[in-house]
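Scrolling down, you'll hit the structures one after another.
You will see two complexes here that share chain A, one where it goes with chain B and one where it goes with chain C.
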Partner chain A sequence: MADQLSRVFAALADPTRRDLVARLTATDATVNELAEPYDVSVQAISKHLKVLEEAGLVTKSRKAQTRPVHLEAEVFDLMTAWIERYRRRAEQRYRRLDAVLADMKDAEADRLGSSTTPPQEGRAS
Partner chain B sequence: MSTTTKAEATITADEKLPVIRISRDFDATPAQLMRAHLDPDLFARWVGPDGMDTKIDVWDVRDGGSWRYVAGRDGEEYGFRGCFHRIGADVIVQTFTWEGMPDDVSLETIRFEALPGGGTRLHAQSLCDSFEGRDAWLRSGMEVGVNQGYAKLDRVLADGVGA
Partner chain C sequence: MADQLSRVFAALADPTRRDLVARLTATDATVNELAEPYDVSVQAISKHLKVLEEAGLVTKSRKAQTRPVHLEAEVFDLMTAWIERYRRRAEQRYRRLDAVLADMKDAEADRLGSSTTPPQEGRAS
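On to the complex of A and B.
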């Protein structure tokens, strides 16, 4: 799984390939259709599509003569999983920060409290 | 500490730039959040990575000052370093490098936005120097057992507010 994800991330490191993927999220398209907006040859776009295909991001349908390119959505679910894991780690970190901030507020309250009212027994731990 | 359910951290990985953005709300003032980020003892208590102890090595809090800390577990150590490029009233701009990949550096901007109803929204942006670098960050930590991370979190929460 890690190898496949490495290929996925490598494939998506190129701006043209990210653009191709973005366009394929809308609908399947033939190589010629995909190449049309770019100022490069159809062959160049074919090469990009080959990289995407090897990463498992797209497949070419065998049904139609034109062999339209299809985006494999489940691969993106794996990427979503990476990002969600990263988010969870950030959330864990920020929960620790919540605890630190709560301690800081308690310390400030104790300091303010002791200057205006007599110290409360058993307050500070 | 408030017992109401807070929104968890949200994350976006930009499609067009090698950027990761995270935001998260806190029951604290921007000044308290600045302190929790800039006071070395406070910072070491929460930064992680999960399940690791953090030792602050260099901590020169000023525009242009450098920082370095080492996260360790079971004799393994991971060094991180960078430079406090700019410390404003409610913003920290710094560079960040994991010493395992010393040529890779990200630019981090951490901004604290006071919310109208009280509390503060943290906006953290990491700009990496390539998509490969950014995605390596997103992938990193997969190897680290998630349970060990939760154990550390549990300990902090169990220690409670009076720790």
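On to the complex of A and C.
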């Protein structure tokens, strides 16, 4: 799985491949149809599709003679699961840091409030 | 932005770099601290960190002498925005396809129901 995750991230690290994926969300399409709008050869698009296929992001129909390319959108879940897991952890950490900072502020306010000397001008925040 | 998106995807297409990001969700850490658990040189980890830094995923503190590495977790949003946009489109398409198939089934049922001749065995689904 870790390896497929690397392949999926690598596959989407190219604007043309991301564009192919975006177009395949609308409809299945043949390699020729997919290559049509780009200023590159069908062979170049075939290579990009191979990278997407090896990452599991697209499949080619084995039935039809034209073998249209089909998006396997559920592979997105691999990435979002990874991203969400660590985003949540980072958020929890920031929330804990905020709490610590708030506690420190409260403690400082208490210290200044109970102090017999007024807070010094130069040190006031 | 498209370029940063490519860099972020490429940066996470490596298991060691994903592991570094995962560890930085817990706490900021120096390059030496980050390199410690791996069986590779500090230089190799520095290179990985450079890739993460160029993608905007981590920053190094300019203040402290040890220059701890800090995760910029909000960069995850770039990826999730892209992924969610196309996942939603793909889902809408499948939902439309399901609706079309349901309509076809209903029409076929109506045709068979109102037909004066019984459905032919060989053609029944």
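The criterion applied here is as follows: the second predicted complex is superposed on the first by the 111 of 125 C-alpha atoms of A that agree within 3 Å, B and C clash if a C-alpha of one lies under 4 Å from a C-alpha of the other, contacts with A are read in each partner's own complex, and residues count from 1 in each chain.
In the analysis below, a residue touches a chain if its C-beta (ideal position, glycine included) is under 8 Å from a C-beta of that chain, and two chains touch if they have at least 3 such contacts.
Computed from a prediction, not measured in an experiment: that's the story for all the values here.
Touch criterion met: A:A73 reaches chain C, while chain B stays clear of it. Judged by the touch definition given at the top, the superposed model places A:A102 against chain B, while chain C stays out of reach.
In the superposition on chain A, A:T25 makes contact with chain C only, while chain B stays out of contact range. In the superposition on chain A, the residues of chain A contacted by chain B and by chain C overlap at 2, 5-6, 9-10, 12-13, 15, 18, 22, 82-83, 86-87, 89-91, 93-94.
Put simply, chain B touches chain A in their complex at residues 1, 8-11, 13, 15-16, 20, 22, 24, 26-28, 32-33, 35-36, 42, 45-50, 122, 130-132, 135-139, 141-142, 146, 149-150, 152-153, 156-157, 159-163. Every residue of chain C that touches chain A in the complex is listed here, in rising order: 2-3, 5-7, 9-10, 12-15, 18, 21-22, 25-27, 71, 73, 76, 79-80, 82-84, 86-87, 89-91, 93-94.
Residues 2, 5-6, 9-10, 12-13, 15, 18, 22, 82-83, 85-106, 125 of chain A touch chain B in their complex.
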